[in-house]
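Structure below; questions to follow.
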Amino acid sequence: MSIGYFPGCSLHGLSREYDESLKAIAPALGLELVEVNDWSCCGASSAHSSSHLLGVALPARNLAQAEDQGIAEVVAPCAACYARLAAARHEIAGDATLAGHINKVLARDFRNSVKVRSILEVMKGALPAIGSKVTHPLKDLKVACYYGCLLVRPVEVTGGYDDPEDPSSMEAVCKAAGATPVKWNRRLDCCGGGLSMSRTGSVVRLGAAILKDAKAAGADAIVVACPMCHSNLDFRQKAMAQRGAWDGEMPILFLTQVVGLAMGLDAKALGLGRHFVRTDSVTTRPAPVAAGEVG
Amino acid sequence: MGSHEHSHEHSAAQPLATRIQHMTGLNPLKCYQCGKCSAGCPMATETTTRPHDVMRLVARDQLDRLTDADGLWLCLTCETCTSRCPNGCDPARTMDALREILAARTNGKNHNAIRAFHRSFLTQVRNHGRLFEMGLIMSYKLGGGPMFADVTTTPSVLARGKLGLAPHNVKGLEEIRRIFEACAAQEDGA
Amino acid sequence: MARIGVFVCHCGENIGRTVDCAKVAELCGQVPGVVHSVDYKYMCSDPGQQMVKAAIAEKGLTGVVVAACSPHMHEKTFRRATAGGGLNPFLCEMANVREHCSWIHEDRDAATVKAVDITKTIVEKVKRNVPLSTIRIPVTRRALVIGGGIAGIQAALDIADGGREVILVEKDPSIGGHMSQLSETFPTLDCSQCILTPRMVEVYQHPRIKLYSYSEVESVEGYIGNFKVKIRRKARSIDEDKCNGCGACTKTCPNKKIPSEFDCGLGKRTAIYVPFPQAVPNLPTIDRAKCLLFMNRAKGRPDTCKKCAEACSKEAIDFDQVDRFVTEDVGAIVVATGYQLYTIGKDQAKPNIKGYGEYGYGTIPDVIDGLQFERLASASGPTSGKIQRPSDGKEPKRIVFLQCIGSRDPQKGMDYCSKICCMYVAKHTMLYHHKVHDGQATVFYMDIRAAGKGYDEFSRRAIEEEGARYIRGRVSKMWRDGDVIKIQGFDTLAGEPIEMDADMVVLATAMRPQPGIDSLAQKLSVSYDQHGFINEAHPKLRPVETNTAGVYVAGACQAPRDIPDAVAMASATASKVLGLFANEMLEREPTVARVDESSCAGCFHCERVCAYGAVEHKEIKDRAGNVLRVIAYVNPGVCQGCGTCQATCPSKSVELAGFTDEQIWSEIQALGV
Amino acid sequence: MDSATPAAAGGFEPRITAFVCNWCTYTGADLAGTSRLQMASNVRIIRLPCTGRIDPMFMIKAFERGADGVIVSGCHPADCHYNAGNYHARRRFAIFRELIQFLGIDTGRITFSWVSASEGAKWRDIVNDTVTRVRGLGPFTAYRKLVVDPATVPAAKVTSKEVPA
């Protein structure tokens, strides 16, 4: 299946391992990723905090690019980009006046025809393919699947591909990769999202609570599907430790990396070396990856 | 009757709730102050104006008091409040609308650090079409943000190949600038 | 030739101020066929009515038009006066020049012109009115009560005590409804069973009440005074005449682990069971879905168990019993099918009801609902009245109640307030504090709605004297951490977030109508609201009648109701039913449809659009008895006079008395230029 | 003419005929009266038991007799006093709409609405809105073309189509 690909700024910057790992597993999942031509920033929370119209117009430009390219649906691996693109599509579809404004602002004839999918939705659709490609099942790996805020809510925007209060798609993907999802309580709590830079204290408080809960539930690693969640939970562990809020080392894996490992892909190819918290505890497990391959 | 009007035109004489309704299509007066939004808000322990307070101040037409409301600027836009509100009030969207109304106001405390961040962010997008993270960090600091607390870690970020040093410009920059201008014109025309 | 009298009323100043009544009388007097046209200050006063009577006699009127208020106000008055004057009352109509004219316009000229128009249309109509006589239909003076909760029980007893026979149909094995599950009841805290069981027994023993338990209404035909009801008596697998209720069978049944409906899943029952000790009738029932023998039969295997039959000395067990049908003729029906609670789980019957994922969708074992708490608190319950939590049987020291779950929540449940939960939560905190002296009850609420005699005092007592801690705010999320339940809420009065640990949580879930209420309502042709509650005919003035004549409603199937409300409604329906039964014959307005037999083509479009099933098939035979044609016949007893058939009939062969095509065409004609 | 609506200072004043059901809209209009809600005086009400009784031919006839606009109003969909009469009416009117367009009547001259017994204010708004709208459309002059023999009008076809098979 060919699907439009909107990497978003983070996947080209802070979280390029997400991009790398997704591209690494895509062929095996039968996904042909067609990057949206000359895509631009979705505006993230800054745009819609400043101007509603801007918050819709920036993502709409990308949808328009995809539309011009003949792309029917687009996947945005970053949860924030996904939320912005999906919200823009949803709002334009429900509001003819807004649609008119957007067409004027973009100065092109935009039909709002491109469907927006989250990475979870796409991976859920590829479950059979994942199952058949797993060669190194992540046996005995206990994972805490972390959804954060924007992957499954609000349903009006997501279209309800998963339950907003009791989701299951990430667990299903991890199970297909042979891992064991733990039952824990903070998988829908916010990691601090956009305040990462401007208010580290909040991010430390929220992130530490998440890490502790996952640890208490016996998780060996937390699985995420969002670059922001990743940096708040991975990069910030050091700051948490400095502030005495957290004293462990919890590897944070992208869902795409989990699937890649189970397919026997090289840890380096999956960008696991780019993480701040070492992932050896996961990658050096005897079952999944042959020894010596860890970079 | 029928579909809600979506309009960016509002007169100052309009009650705030009506203004918000024009902007969001949702009636803030539906809020019955149950507090479920604030109960789940991850920032509720750090703010004094929680989502239900915001809804209350909107209903009471207290735009001035909202100017200083920390909750507006510390909101993580995590949508927890919105997805659990029994009445479909969408406090998160209401706060977006309020930030938009208040963007023009510079007086008051209103959390310059966060506004500075948003400004820097949008400047990056406007100038390059994409986020240039190094540039963001620099301009954010210059723009009034507190010293990047973890500046010591920046080299390690670079070492992991995570930050690009040179900005990457989008080809359709013209269009991006047009979007910004058109949006600004719309706001001004309001 | 028509001789119409027009009487224009001033209604004091009400009409006279904006309408020139004398002018109206004068102009209407010029209309062909009008032989008498006058105005008067108060037409409905005694002298006003006398004017009508006198004019009929003196001028030989063939029709009367009173230009005054709305026909909904005084049509009856003037039709009576017309009859008093010796003219058929249906030759009198009213022209509404008050509500539809003088009260809504200020311009005197325009209002006067309009009043003339209005009166002239009615004059033209009345010219074409024909004498009609009220319809008299016989009344079967027996009543059907559907649902054997407290509402149905009360209605049945009151009607039976009033001297009429009652058929009581209950779908479950026993009557009693939800009240039989309650422990003690607000606002007096008297024991529910103690006040209910005597009434249940009374029903059973009443010579004029016929009880069909474990039965359901299959179909309903007919109309007020003359319903024919088919009742399905579900196979109990017990011969009711032979069984003496000894209970030997239930003791031997090997399948003992079935969650008891009566105990809301907190207790267990056998496959052959009596739902609770005081059940009426006190007869066992085999739950075929759970009985080993029937489970084998369903798989095509030979009968095995039969332990119950072996234990029964009366040979009362009948594995081959089948559903039976009985038909009963009744003149009135009371619907009292009660409520169910919003389910805590994820799966809800209706798509707009979503359940609460943030509270764990009912996966935390120590989160229960109000009825489960009643069972825990009940001396006859699974824990003999000890408050123990389901997961480990421990006594919860910290119990938290969440109000308005599924109520007042348009996003996840119902937008209405369930009305009684504020009261039963207050009651639950008291029962809890009476039983767990070192425990603490906390309530998350939004408002306390305790409007009733002694109600607010009751809820205040729970707080002021019994120490329940009330926190104003909804809870956002709950999760299980070890064996405690974590609660994330907000105290909106103190303005601060709250995280709290609880050992047990009770959700005050919304009251909803019983499942299947819509199909029952359709059988009865009564309307129901978007939630499924039966609609009353008028929210203030006809609260226990429905929009179908002869069908009444009582208790929690009409809206959330507590016991006092349900009983009051039940007694009200009984008085309505007894009032109906006071006469042998029933009078009805003659606004009914009639088929022209010569032109009816027998297409039965009318039958298809009639919501009341009033259209029947009639055979036209020749002398030899051969059927020549089958045409439509409108049963005047059933027809409600909506006229839909007439607008639908392709050959204009059916006509609604009082609203014939000719009459309406002439009204339109009268408005022409 | 005696019954003509007084033209306000030479302006055109439309004549509107309203077909309303007895239980909901008629009562709602009564409530508007009891509440003294002032409204345009151009509307003349013809009371019927139910919108289900309304034959589309009535509306044609009203236009033929010089009405410039028509209002049809009954109970809300789930609220019909007769359970389903308004439902049949609705289906009938959907087809009727096509017919009137075919006859060359601007659909703007016809208002279909639901007014319950408690919606006096809604009735006032419908009256005022319709009068304003029809005033804008000007007098209806095409009615002479409409002079139809009721027997030849395809009312039968129109009505029979909506009957569920």
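As written, the chain order gives the labels A, B, C and D, with residue 1 at the start of each chain.
Operating definition for what follows: a contact is a pair of C-beta atoms (placed from the backbone, for glycine too) under 8 Å apart; a residue touches a chain by one contact, two chains touch by 3 or more.
The structure displayed is predicted, hence computed values, not measured ones.
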Reaching subunit D from subunit A through chains that touch each other, fewest steps: 2
Separation of subunit A from subunit B, taking each centre as the mean of its C-alpha atoms, in whole Å: 22
Centre distance in Å when subunit A and subunit C are each reduced to the mean of their C-alpha atoms: 52
Between subunit D and subunit B, distance of the C-alpha-averaged centres to the nearest whole Å: 50
Residue list for subunit B, restricted to those that touch at least two other chains: 80
Subunit C: positions in contact with at least two other chains: 358
Where subunit A touches two or more other chains at once, by residue number: 164-165
Pairwise touch network: line, ring, star, complete, or other: other
Complex contacts: residues of subunit B adjacent to subunit C: 32-41, 44-45, 50, 52-53, 80, 84-88
Of subunit C, residues touching subunit B in the complex: 358, 408-412, 446, 472-477, 488-492, 495, 497-498
Subunit A partner contacts - residues on subunit C that touch it in the complex: 346, 356-358, 360-361, 479-481, 486
Subunit C - residues contacting subunit D, complex: 27, 70-72, 96, 98-101, 103-107, 109-111, 113-114, 116-118, 120-121, 525, 527, 529-530, 547, 591, 603, 605, 608-609, 611-612, 640-644, 646-651, 656, 659, 661, 664-665, 667-669, 671-673
Contacting residues of subunit A [partner subunit B, same complex]: 9-10, 12-16, 38-41, 43-55, 57-58, 61, 65, 83, 95-98, 101, 104-107, 148-150, 153-155, 164-165, 188-190, 192-195, 197-200, 202, 205-206, 235, 238-239, 273-276
